[in-house]
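In the two assemblies presented below, chain A is common to both, partnered first by chain B and then by chain C.
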Partner chain A sequence: MNGLELLTWARGPGLALALGICVFGVILRSVEILALGRKPDLAPARAVTPGSGWRTIFSRSLPPPGMLRRAPLTYLGGYVFHLGFAVTLFFFVPHIELIRGVLGLSWPGLPNSLIDAATIAAILAMIALLIGRLVDPVKRLLSGGGDWLAWALTFAPLATGYAAYHHWFENYALTLALHILSIELLLALLPFTKLFHVVSLFMARWYNGDIAGRKGVAT
Partner chain B sequence: MQHPDNHALNVVLAEAGLSRRDFLGFCATLAAAYALPASSVGAIAAALEKAPRASVIWLSFQECTGCTESLTRSHAPSVEGLILEQISLDYHHTLQAASGAAAERARDAAMRANAGKYLLVVDGSIPLGNAGYSTIAGLSNLDMLKEAAQGAAAVIAVGTCAAYGGLPAADPNPTGAVAVSAIVKDKPVINVPGCPPIPVVITGVLAHFLTFGTLPELDDLGRPKIFYGESIHDRCYRRPFYDQGKFADTFDDEGARKGWCLFKLGCKGPVTYNACATTKWNNGVSFPIQSGHGCLGCSEPGFWDMGPFYQALSMPATPVQKTVAGAAAAGAAVGVAVAFANRGKKAAAKAAHQAVKVEDLEKKS
Partner chain C sequence: MSASFERGINAFKEVIDAPVASFFSSCVHCGLCAETCLFYTETGDPQYAPIRKLEPLRRTWFQEYTLLGRLAKLAGLSKPVTDEELAAWSPLVYDSCSMCGRCSMVCPVGNDLTLMIRKMREGMAADGHAPEGLITATTRAVTSGSPAGVKWVTVQAQTTPMKPPTAASRSALPTSRANSSAASSRRPRNSRSSA
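Right after this comes the complex of A and B.
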């Protein structure tokens, strides 16, 4: 199998398999989490605070007072990585074409130079976050295999995509195939690793914001 | 036009109405293409002038004659055409005057007279499924290829069918078509893919053989690096539009009229290695992208099965919706099953819960 055949496999059966596993896992875990339920809160709400759950989804992305100074790398690195990754993922024209091919949705893309800058920013932020995690004794103690796996699964598509776009290796089709395969690995493992926060974060934040609102500490 | 075996090139040039300057220009192009110093132009010219006419046997198997059409449609009299005058094309279905037994005798005679020295050119794929799928003079393609390859100095697989199986080998490959390289293992095989290949690429490879007596450096797919070393995308004049994010969305929108990038319309230029964007076609007039159509990737193995021609390279090569819908339904079903199992566990845990009273805790054992 040469690079182009691998690429065609990755674009065809590989993609279907990865998307299938991803969707299967996301729905399975979501249904499982939601069906666990909570015991009914029999106490009357301390305050009527509509929208506390929804606001919390956003407010939890902001650092609590003083935390930005105490952990600048965690916050700034996190912001730069997530924004860079999102810009690269959603505004690179070939990516938009993929989404159009699967979902039929599309929107205007950005010039490649901007995507390039966003990718570099995301890669550098990820490297900085990894070094921070390795150097800080507390973070290192808190880190388990799942954390390192999540980092590697996320870093691989960025690195291979960058290498493919810039033709770092002679065999472009193979590099592109590896890029797509790395994303497929990410998709397949997303529901079963810490990367599931892509989905669960919204439920968890909404629930926390809502229950906190009922207890009188609304966002 | 008949030429003596050791004819002088200047006679051929004069007959063709071309100057020596034209010929040296071709030699200089070749030298540049092969990354040779300018001083080698004279050596190339001298070698081509002195070269005895190499015998070439051209076999056509499962093919459409497009490769031959491409070669002969080079504008006459072209310098490429002249190079063809340098060879003795002893057997070629389409171009030879003889037919039937006479044609086959010509092939036998050429193979015997030039044993070990002739160049074997093949266009078309070889069916392995049933010998009767494609025969010539009662011989299966497989037998004829094996027989002719035995005495060849080298084999040139012209066109994507000969190089990689091409259209006949496309899914579901009803004839069991294979490439020349799948049969010929003990001779150098050089692939000159394309559907069809560019005439100058075919003649360039022949000229290399005539000049140096060797075949040019090949890539990992057996193609000469000088012509297949760079992708269409990297040499495309529309590349700046790709980088700027300017694309044609349809074949007749403003972007198409302005000549923007054809990636969204399915151009396979990024993964296709060929010289179209540099040497172009019809004597350098144009190439597909220049005339407004994306590259189909015709010089790559399995290009027929690389997904729809008119969908972007990043789009799924085969539909994924059904798989995803099935996976979603399965996920929901398993999720509900797991939810019931969890409820059962919760209920069991609740049932197994032992009520503990304060008095129990205070009991002294």
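Right after this comes the complex of A and C.
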């Protein structure tokens, strides 16, 4: 199989397969969580705080007072990576074209120079976060295979995409095929790795806010 | 597997519900919860990271309530939770958490770690790995009604109103004056509680 054939497979059956696994996995994992249900809380609620869970979904995106200073690398690295990744993913014109082909939805893209900057920022932030994980005693103790895997799965599409866009390698078709395959691997493994936090954190934040609200803690 | 250990693991399984499963699914090992925990900030020892205190509970969740974990267990690839491990975790779960709730307010993915530590204690208690003093106090509370072991006669003596001293007893006891003033000062409390 040469680069072009690989590219054709990645764009067609490969993409369908990856999306299928991703959707199936997200449903499976969500059911696994939600089907456990909640234990009845026999204590009467301290306060009636409608919307506490929903508010926490948003409010938890900001660092609580004092935390930015305590863990600047974790917060700043985290923001730069997530924003850079999202901008690159959703506002690079060829990506929007692809999404339009699959979902029929589209929106205006950003100029390539901005996308380029966002990609570089995300890559640098990821490298900084990796070093932080290797150096910080807490993170090193907590980290296991799943953390390194999640990092590699996320880094690969950024690196291959950057290489493809800048024509770093002779064989453009192959580089692009590798880029698409790396995304497909990311999609297929997302539900079964730590990357699933992109879905489950909404549940976790909601429960957290709801539980705190019942206890009379403002969110 | 000892009976108490089985009870402990069953209690672990019982306390795991949808919130706990969503919390464990979401943790990205960012370490921010440690930065809020006084046991870590005061010692610098990473084992006090709040999420670390929950490791046996996390593995129970993964092995029992996820497809991947169950497959890994069937294939013999997962590390089962052991009685010795729970014994080793007891100081982390009990002595190294004041239930202050700071970690739960900071975790960026929204994990309520305090709630999970509280739930884990239920399993640890069922397993007999609660601290000695707590076990004794609980046993006393169940058998005698008082965690501190105060006997019923003592309570009765404290709550029964004293009779006002008679003239005879007053002359018989040199400390009668002190007694009578103590009795009178106690009386209003009794009348309030019976009201």
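Just so we're on the same page, the second predicted complex is superposed on the first by the 219 of 219 C-alpha atoms of A that agree within 3 Å, B and C clash if a C-alpha of one lies under 4 Å from a C-alpha of the other, contacts with A are read in each partner's own complex, and residues count from 1 in each chain.
The rule we apply is simple: a residue touches a chain if its C-beta (ideal position, glycine included) is under 8 Å from a C-beta of that chain, and two chains touch if they have at least 3 such contacts.
These figures come from a predicted structure and were not determined experimentally.
Visitor: Check whether A:R29 is in contact with chain B, with chain C, with both or with neither, and answer first, second, both or neither.
Guide: A:R29 sits against chain B and chain C alike.
Visitor: Looking at A:T175 after the superposition, I want to know if it touches chain B, chain C, both of them or none. Which is it: first, second, both, neither?
Guide: So A:T175 meets neither chain B nor chain C here.
Visitor: Answer with first, second, both or neither: which of chain B and chain C does A:G209 touch in the superposed model?
Guide: So A:G209 only meets chain C here.
Visitor: Using the superposition on chain A described above, determine whether A:G78 touches chain B (first), chain C (second), both, or neither.
Guide: second
Visitor: Based on the superposed arrangement, let me know which partner A:T88 touches: chain B (first), chain C (second), both, or neither?
Guide: The answer is neither, since A:T88 touches no partner chain.
Visitor: Of the two partner chains, chain B (first) and chain C (second), which one does A:T154 touch, if any: first, second, both, or neither?
Guide: Neither partner.
Visitor: Which partner chains sit in contact with A:T119 here, chain B, chain C, both or neither? Use first/second/both/neither.
Guide: Neither: A:T119 stays clear of chain B and chain C.
Visitor: Using the touch definition from the top, say if A:S52 reaches chain B (first), chain C (second), both or neither.
Guide: neither
Visitor: If you lay the two complexes on top of each other, which residues of chain A touch chain B in one and chain C in the other?
Guide: Shared contact residues on chain A (touching chain B in one complex, chain C in the other): 28-29, 32, 35-36.
Visitor: Give the list of chain B residues in touch with chain A in this complex.
Guide: 220-221, 231, 234, 242-245, 247, 263-264, 270-271, 300-302, 305-307, 311-318, 320-321, 323-324, 326-328, 330-332, 334-336, 338-339, 342-343
Visitor: Please name which positions on chain A make contact with chain B in the complex.
Guide: 2, 4-5, 7-8, 11-13, 15-17, 19-32, 35-36, 93-95, 97-98, 100-102, 109-113, 167, 171-173, 176
Visitor: Hey, which residues of chain A end up touching chain C in the complex?
Guide: Those in contact with chain C are residues 28-29, 32-39, 56-57, 60-61, 64, 67, 70-71, 74, 78, 133, 136-144, 147, 150, 192, 194, 196-197, 200-201, 203-209, 211-212, 217.
Visitor: Please name which positions on chain C make contact with chain A in the complex.
Guide: 15-23, 25-32, 34-36, 40, 44, 46-47, 49, 51-52, 65-68, 101, 104-112, 115
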